[in-house]
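For reference, chains read A, B and C in written order, and residue numbers begin at 1 within each chain.
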Amino acid sequence: MTLALTHPPARIRRPLVAPLLLLGGLAALVVIGPLVIPHDPAAQDLVRTLEGPSAQHWFGTDHLGRDIAARLVHGGVRSLGIAVACVGFATGVGVALGLLAAYAGRVADIAIMRLADLMLAFPGILLALLISGFLGGGVLPMLIGIKLALWPQFARMARAIAIGELAQPHVEAARLAGFSALTILRRHVLPPVLRQTVTLATLGLGAAIMSISSLGFLGLGLQPPTPEWGAMISELLPYLAEAPVQMAAPCLAIFLAVLGATLLGQALAEPPTMPEEM
Amino acid sequence: MSAARSSFWPGGAAGTVLRIVASRLVQAVLTALVLASLCFAFVQALPGDAALRIAAARSGDDRVTAESVARVREQEGLDRPLLAQYASWIGRLAQGDLGHSLVSRQPVWRELAEHGRFTLGLGALGWLLSYAIALPLGIACGFRPGGWLDRGTNALAVALASMPSFLVGIGLISLFALTLRWLPPAGFRTGAHMVLPALTLALGLAAFSVRIIRNAVVEVRGAFYMTFARIRGRSAGAAFLHHGVRNAAIPVATFAALQFAYVVDGFVVVETLFNYPGLGDLLVKSLLARDVPMVMGAGMVVGLMYAAVNLLADLVCIGLDPRRLAGRDA
Amino acid sequence: MTAPALVLAGLTIRDRSGTALVADIDLTLASGSVLLLIGETGSGKSLIAQAVMGLLPAGFSASGSIAINGHAPVEASQAGLLRLLWSRETLLLPQEPRAALDPTMRIAPQLWDAGARDGTARHGEAGHGLTTQEALAAVDLPPRVSRAFPAELSGGMAQRVLVAFALVGRAPLVVADEPTKGLDAARVAQSAALLASLGGAGRALLVITHDVALARALGGQLAVLRDGRIVEQGPADTVFAAPDHPYTRAWLAADPSTWRPCLRCCDLEAPVLSAHGLSFGFSRAEPLFSGVDVHIPPGGILGLTGRSGCGKTTLGNILLGLQPPSAGAVNWQGVDPYRDRTGARRLRQRYQKLHQDPASVFLPGRSFARQFADLAEVVPGLVLDDALPPLLERLRLDRKLLARRPGEVSGGEAQRLALARILLLKPALIVADEPTSRLDPLVQREAIALLAEIVAGESLGLVLISHDRALLAATADEVLDIGAGEGTTTLPGFARGLQGA
């Protein structure tokens, strides 16, 4: 084994480049798009329905004559924004509860983990479906539903890693040397938890995007005429034969967003070639 | 060490099975309880007078009288404290009374049975189809990791896993129904109607299971006990049959149960997409119509099915991997 | 006279980069006899076993020739041909015996495998006319093992099962790769007897080991390997009695059983640690130990030993204030760490532990320099630039190592870095938990000598936990054997002096 005394400057690992570009590009389109595309996503034009792509309407128009491109970028803000918010909340709550379970003794541990088990007993999007359906499909119900389904994974992960780290000799050695519990948490426990959190959050982002678009597709997510990728697909479904390009646009958008998140998560999950300094 | 000693006696085996069954039973009961509470909270949270709504649902909006509303209020105990109402709500459920659909006026259980039939058929077909695809492909990839088949399958699996099931379905409809015109795009009357929904489910499932199968095969083939079996004189094929298959099957069986979560996402969306009258379609339509008893019933059936599938997977794993009987981690 | 079981001629093994890890090995193993190949970690001895079995890892290449049981010599690069000899001519007893067993299958059906192929075995019979029970009895295993799963066996039991495989198989050449790895010293003798029984059954044995005790017990021919070359070979008795090569001499001298115990005088009146009537047990279970008294003067070394699972490590943790005892009291220079919280906090840093895996006490991914700098946070008045350089010099550590991170240094270096870390805390007592069990004998000797030197120089107390009784006998002033029946056995040392006082 060759031992490197000096380490090469940190640079982004190769497998991270493609998914980062993909996600960054999508985010940029969604943010810049509304400024560039002159159309109102809700403006109907019943004369020009289901038109193919043209210089004026880049991806054509839908059954109500609305501009697909405009709806795509406006919908993207919501689809991606809500997904990021869901994952952000779920990560915060999940990691905090997981660490609490690892630290705060047996009773808290059992209570938190049983709650997580209970949430995991609802398969897939069932919980989000029920909450969103009952509360009438808006941003908030969707947020609550998807967050509830996501947090247990983060809690379990954080707890498992924290318990594993606390049993490590380097934690025992730090205790013997007289370091405070807070220092041990900050220096020994949090870094590995956070490293794993980033990976899981990225994968969770893909899952959240899928859940949001699925709810939209079922008519239980954001309500029309609000543009949302899943809802757009559901609205265009009857015109699949006449409007393949209009249909392909939101489909491709969802696919690329989830693909980017999945590939990024996979790339992050690979063992890091160099450990990070904290 | 004491665990190792006690596991020689079969007494521990029945205990382990019992413990697993009990824990899944608790899971099922808790799921049902949460669903029931959620539905109760929802009914309470609806704006307006609950008695008026029920009376209207029973006799039609135009025939509601103050008298009938009062009768409903008394009959259903709506004037009692909230906690008492909650207790009687749960009590009725515990007796197996799911109530009537607010829309079709049919008993909930009858509707569930009717739609459940379709879903079971679709689910079973999709699941079988997914393993018909994933098993040979995953094993072939596992025997040549890094080969062109492995890399191609991996790319395809990642792509499929990045699509919600309605995207897969729309792709299949565009290809087989609209372009090639081989199969009908939607409906449920003939066997041909089943093909596309089942294939949609199967592809979504196989995208994940093919990697699990491939990894299990790769790991088992690299395990030293396989080499050692050959050192002791078995051929490569015999070693795989005798020692490889069972060991590789354990993670695959565990995963198959987890995949049920995906099947739920899958059949809710797939049934809506293909207009297929299963449980998922029923659940979505009831949610849109605010048909609370129906939603609760459908949700419970799905939750109980999930618990049952998990239990089945636990038991299959015990059958495959007797170490678990000793209460040890595999 | 029958043909030799194994003839290696000019065996050379290269890694991916073309570096020769093993070079020009010429060895002959007579049929039915024993050949011991000893050497430290990294000497390439296991590669030779892998080459003979045709099991070299991908990327390694071999040249030279291998002749087995009188067959025509095979080019060492022809792994496929060597594999054809499996089971009929050669059998491997691998390093990790449990990994060789199918975890989901009971032992008996796995045992039948061997004979089933040549058709000699019937149901309940494992081949060579032995029944399953007879085969198990031959390796001293109870009959119930036939119905056990591999996970239910200890490492030693699994190894016995593999030897049973060799007994029911017909391969005349058995290659045993590190057969005592991970076994207690007490089990080495059993292992040697087991291997000898294979020799008794007419098998030729190639034994790869770093364990001098095993080599002494087995006898036969001996070859000493260093950096991939044989530095000395001959009959084991001769080599042990009169080692020729300086490396062999150093190697044999590193065996703790040859060390001369050193008895020192120490101040018995002011112990750095004492404890009285300690017992520990998990609720409902029989206590692991009870009534343990400990008394450690400054500069004194207490050895702690016992079979695995007897509670050695737990007792060490109790003394360190990490784990309250079920009964009894610990006394840190007048302070009971479990009752006097403030006193315990004041003395905390003076009671330190040296872990079994020294690299693991350092936070992964953080350079040693930064981790030493961190200590300034908790040690008031520690000026690293003044304190560290002389310490490093004393521990013979290169300053450049500080730029590295855990995992980038050797085992011996990690051990000394861990020691430096503890010494910066100015301890009064160190509990060293199997500090050298993962080190090669030569490095072990160096590490223990260093530890003893520091204990004497700084007037520290040392609790040395080890399963190696020879090591303790040579190093410690007193040895405490936990779980040796009621109470404890005390070897002569300062405790006797105390009774006399």
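The working rule: contacts are C-beta pairs under 8 Å (C-beta built on N, C-alpha and C of every residue); 3 or more make two chains touch, one makes a residue touch a chain.
Keep in mind it's a predicted model, so treat the numbers as computed, not measured.
The interface with the greater number of C-beta contacts, when B-C is set against A-C, is B-C.
Taking the mean Cα position of each chain as its centre, C sits at the greatest distance from chain A.
For the pair chain A and chain B, the distance between C-alpha centroids works out to 23 Å. Between chain B and chain C, the centres computed from C-alpha atoms are 50 Å apart. Per-chain CA centroids place chain A at a distance of 48 Å from chain C.
The set of chain B residues touching two or more other chains is empty. Within the complex formed with chain A, the residues of chain B that make contact are 27, 30-31, 34-35, 38, 42, 158-159, 161-167, 170-171, 173-174, 178, 260-265, 268-269, 272-273, 283-284, 287-288, 290, 295, 299, 302-303, 306-307. Residue ranges on chain B touching chain C, taken from their complex, read 1, 4, 7-8, 223-225, 227-234, 242-243, 246-247, 250, 320-323, 326, 328, 330.
Residue ranges of chain A in contact with chain B, taken from their complex: 117-118, 121-126, 129-131, 133-134, 206, 210, 213-214, 217-220, 230, 233, 237, 240-241, 244, 247, 251, 254-255, 258-259, 262-263, 266. For chain C in complex with chain A, the residues that touch the partner chain are 320, 322, 345, 348-349, 351-353, 355, 357, 360-366, 374-375, 377-379, 400, 403-405, 408-409, 421, 425. Chain C makes touch with chain B in their complex at residues 53, 55, 83, 86-88, 90-92, 94, 96, 99-106, 113-114, 117-118, 144, 147-149, 151-154, 165, 169, 309.
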